[in-house]
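Both complexes below contain chain A, partnered by chain B and then by chain C.
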Partner chain A sequence: MKRLLVVDDEPHVARVLRVSLAKDGWSVETARDGAEALRVIANNPPDVMITDIQMPGMGGEELCRELHASLPHRPFPILVMTSMTARDQRDWARDLGSIEFLEKPVSPRRIAALLAQLLSQEKHNA
Partner chain B sequence: MPDSDTRSVARYGRWLQRSVGPHFTVGIGSSEGGLLWPESSAELAGTLSSLPCAELECLPSMQRLDSADGPIYLRAITLPDACGAGWLVAIARHDAAPSDIELDALADAMDDVAAALDDATHLNTEMDLLAGELAERYEELHLVYEIDRHLANQDLGTEVLQDLLQSCAEQLNADVACFVRPADNLTISATNLSKPIHNLDLVLVEMRGDLFRFVSSSRTTLVINNTDDPRRAYIFTDMPYKVLACPVFQGIEMPAMLVLLNHDSKPDFSNSDRRLGEVMAHQIANVMHMQGMFAEMRRFTEQMAAALIEAVEAKDPYTRGHSERVHLLSMRLGQGLRLRTEEMENLHWGSLLHDVGKIGIPDAVLCKPGRLTSDEYTFIKVHPERSYEILRHVDRLKGAIEGARHHQEKFDGTGYPHGLRGTSIPLLARIIAVADTYDSITSSRAYRAGSTHEAAVKEMTRVSGTQLDPELLDVFLRICDDDPALLVKLGVRREWDDR
Partner chain C sequence: MPPTRSSSTDRAGLFVLSACLVAALLVAFLAVRQQTEQHSREQFEQGTRLVKALSAIPLDGLTPSSGRPNPLAAVLRAHGSADLAFGLVTDPTGRPLAEVTAPGLSPAVQPLSADRPAEWFGHGPMDSGVAGLELMEFHGPLLREGRLEGFVRIAFRAPGMGFNASQLPFVAGLALPVLLLVPLFFFLLRSQLRPLQALSARLETFTTAPPGEASARDVVSRFALFLDAAESRIRELESTRNDSETSVKLLGYKKEKVESALETLPEGVLVLDEGGVAVFANAKVGPLLGADPAGLLQKEPANWAIAPEILGVLAPLLGSQAGAAKHTASYHPGADENRRVSVWALPLFAPRDATRRLGTLLVLRETTDQLLAARARDEFIAHVAHELKTPLANISLYGELLRDEPDLPDETRIEAVNTVCDEAERAAALIGNLLNISRIEAGSIVIERQWVRLGDLLNDCMEHLSHGGRAHGLRLRVDVPPDLPPVELDKDLLRIALNNLLTNAAKYNREKGEVILSAEESDERILISVQDTGIGIPAADLERIFEKFYRSADQEAVSRGGHGLGLYLARQIVEMHQGQIGVVSQPGQGTRVTLSFRKPHVLLRAA
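And then the complex of A and B:
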């Protein structure tokens, strides 16, 4: 099973994703903020990580920076969920490895399609 | 087991330990007999692994088993989240056998924990069902938002359907999305191909026949996933695709359908796809309805304009067709000048209706076959202002009015009604003036035959800069040179016709 780590302080996001991605063969794990995500990753890195930007505690941007510092050759891609208005606020991710942005609102189908695409790219690059 | 589940198992374990007190050591095991909690109890782990846990019957009450190390008490449970079945386990701490009262208390505590776990599992399952439902609804909402966004940015041409289909193909991850309306042989399609489709055009054409008849006879959505589905025999013979076809209704009529196709290698069309397809078909029906109303409005406007023109031209048989010809020439000139769509729209109405004010001129003056007296000429000179007064009642013609009002102004400022000069005469009016002058010279009147094209060019060149805008005239003459067929269409005589 492919493992997806969803980092979001709103538990329903992870639950909806877990239920709707199960049929595509994804098992979804959750972390409520960046710090918890780092613990999960240290234990067992996922195949893909999806993270929110704004969370109480460590947010998405800091999480990506921390990951880049501790795992320069991070073996999994990251999808960052962001709001429409934040288009120009993506520069920070430029030098932090493979990070894609997802504009909210985004439908579970769209995420499923993106995940499949990301994985095939990874396979291609490997 | 994920972190969160381990934590929650530990919570239930501690709860059980607190309830039974110091008489028993308790733990939680998996269905196969592994110890999940507490991680550090060698005694429990050993006892548990010595038992044939996997073969035990999962009774909804506590049972006693005798192991090599003494009696052990077990109660079947459902573990948190999706971790399956497991056991609550307990062994007595003292050498003395526990009393019946202590055992009853243990059984009650185990029942309580098991019931709480069951409740949690039920709630969790229910939440998952709700989350699944939510995801589907969210998908629908997302599609509707997407459609709404497309419609907001569009007027209602055919491109809007094309756009809708494209976003439908992408959102539903279908290879092909197409709209089929057999009555006017209309098929609009968008693709999002996972791999190529051979003869896609042929496939699309074929749908207008049997597939459409099948859907319109059942009037419900058709889903065919299996290659050996017997219904395939009724719709098409050599189309190995998965099909989702939704009827598009207009009132009780079903004039069209929406069809999604997928390669056989793609997942089946699901119930959720079906619902989304129906949402989409419904939106397309709305678009069609609006397009219909839009076309009807347009037709009504055109017909009202035609009626007005008829009223003017009925007064003087010799001017029959004049408005139409001036319109045609003006539009060509507008195209030559690359006017924007909005200006072309204004030119369209302004040139068609430029002479509407002639309704107010007495027939005796308008149709007089000879020179006009200066009093009579005064009547003629008010007609552009009359056109203005008539057309100003129509909001949509606001941008077109100036073209009609000032088409008799002359470039040197000696025209009427306002004596405007040069480029202070509105552009549309200068365009209509060129077209109007040309048609007046080349068409026949009660008292004279129409002049030839060459004579008209000569005359218009003579008044270039005094009566007509020289730049516009240049463009006009170039158009005539480039497209002699235009003059034939207008019925203009040529010099060589006279020889």
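And then the complex of A and C:
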């Protein structure tokens, strides 16, 4: 079972992904904000993380900075969901090791394809 | 004929000069005569005294004897008078015993009678033997023990009226100021008289009739004509003076009026002359420019234009190639990013001559409101876009799930469909609020009052809230007294207001919190309250939460979404009912929003 961590204050993305990714062998965990995500990661790092930017408490940017500082050699891919297409958002996200942007509204089908691609890359690398 | 007139004046002047000369001579003559008389009196007293003194001396003392010089000469010399010309001592018969005579004189001495003692003392004129020289003789007896021994006789030169060199300084001193002052006065008078002469010449031209017989009557009538003309001319001049005084006052008044109008303008107004120097600034300029308006007068812009944008606006106008174009810019006064002042520079032209530049007008207007409104609008648009995108994203998410996963369990499918419905409703509510606000602001919604039973309306609203996803886990309560009379309100509008307030009460509530919707009446008012047990509103935000687009910066409130329209719309609706909306809030405890409406009979009474 591959583990996907969805960090979002709204439950919908996680809910839908849990259903739609189950058949591909993904288990989905959730965190409501950056702080909760850090606890989950410290406990048991996921294989892939998807995070929103705007959240109450610790937001997506701060979460990525924390991870970048504590884990410079990114152990898992990060996908950032954003409804903003501003360049500066992409800049920090890329600097902090995010590999892909997911424009809202996110598509479960596209996420499934992306995750499959990531897995095959990792297999190739391994 | 001014030359003739001038020469006649000169002749008159010459006459005056001569007359003055004569007068001066007369004065000198009189002065000299007075002095001569004085001299005569002194001589008389001197002679009388001297003769009396001499007659007291014994004869022997006055006659020369062997080895002694002539004592008479010594006595007379001792007296020291330059006028004393002659001294003689005789015996009673008149034979000279001693004699002293001034050189060049040969006085003819008349013998005195020894028989008439009354004549022994006396005085009288005496022939000097020199032409033009009179002598005044004094004589007295020489007595020894009551017997006449002889006579003593002396004579003075009588003071003459002829020119006396010793008196020259006095006469000159007297006459010279007169002689000098007279021409001075004359020339002074002449220069003063010149305009009068010119006037007189003109007067003559004016009054001179065509050549002919000029009778006295003609002269009088011409003079009268002249006086009339002069009077009307004077009146004309006076009225011109009055006119100009009036126009000066009028100009002053107009200037004051213009200045006071410029002072009352909401804009800062600054007038620069052609050289770019500030010549007028109203009081508003100060805060907009960050400079004292009085301090910038008579100074060039470089001295007071703190913001470089002002110089940039003025530069094309102050240059030689000034066009009629308007130049505008804006700046943040005092480098305060939250304030903005827009500045316009316009060339000033003469009212009837568009080619003549009078200077430059600088208008400053605070556009902070527009700046803030534009910022708020931008933020609002971004926020509305986000708020609309979120439900749409969720609808899209679940829609895709339903489409791609035909074998979903029933409960997942139901949840997906419910979520799609809720999110569609959320988007619709936002769009509905936006539409209602724009219609209210455009005035296209007219209030339609009807009798409403508040209990029914409030229960409807609460039911609507309970159907939405937001109210999940909250206790909802409606508290309306059963005997509350019907109220005349616009039911649809009030429902919109209450739905917004209830949505807020649920959205900003704590988990398992409570929402209470209540109504009560007082003597004059009906009060409807929405109370929650939520996060509350920071005191700093309370004053502004009813403003359009206003969103609290409170992190907790921001995280719960919202578009800054619900409370604004509720206030608009309440105010359409002539009601009031108020809020009390305790951060961390909850918020209570109260709508207050006057009862109909109170409204009637007020009307």
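The working rule: the second predicted complex is superposed on the first by the 117 of 126 C-alpha atoms of A that agree within 3 Å, B and C clash if a C-alpha of one lies under 4 Å from a C-alpha of the other, contacts with A are read in each partner's own complex, and residues count from 1 in each chain.
Here, a contact is a pair of C-beta atoms (placed from the backbone, for glycine too) under 8 Å apart; a residue touches a chain by one contact, two chains touch by 3 or more.
Just so it is clear, the structure is predicted and the values come from calculations on it, not from any experiment.
Q: Determine, under the contact definition given at the top, whether A:40 touches first (chain B), second (chain C), both, or neither.
A: first
Q: Look at A:16 in the shared chain and tell me whether it touches chain B only, chain C only, both, or neither; answer first, second, both or neither.
A: After superposing on A, A:16 lies in contact with both chain B and chain C.
Q: State whether A:29 touches chain B only (first), chain C only (second), both chains, or neither.
A: first
Q: Touch test for A:109: chain B only (first), chain C only (second), both, or neither?
A: After superposing on A, A:109 lies in contact with both chain B and chain C.
Q: Both chain B and chain C contact which residues of chain A?
A: In chain A, residues 12, 15-16, 19-20, 105-109 are touched by chain B and also by chain C.
Q: Hey, which residues of chain A end up touching chain B in the complex?
A: 12, 15-16, 18-20, 29-30, 39-40, 43, 105-110, 113
Q: Over in the complex, which chain C residues touch chain A? Could you list them?
A: Touching chain A from chain C are residues 386, 389-390, 392-394, 396-398, 400-401, 404-405, 408, 412, 415-416, 419, 555-556, 558-560.
Q: Chain A touches which residues of chain B in the complex?
A: That would be residues 2-4, 127-128, 131-132, 134-135, 138-139, 142-143, 145, 171-173 of chain B.
Q: Can you list the chain A residues touching chain C in their complex?
A: Residues 9-10, 12-13, 15-16, 19-20, 55-57, 83, 104-109 of chain A touch chain C in their complex.
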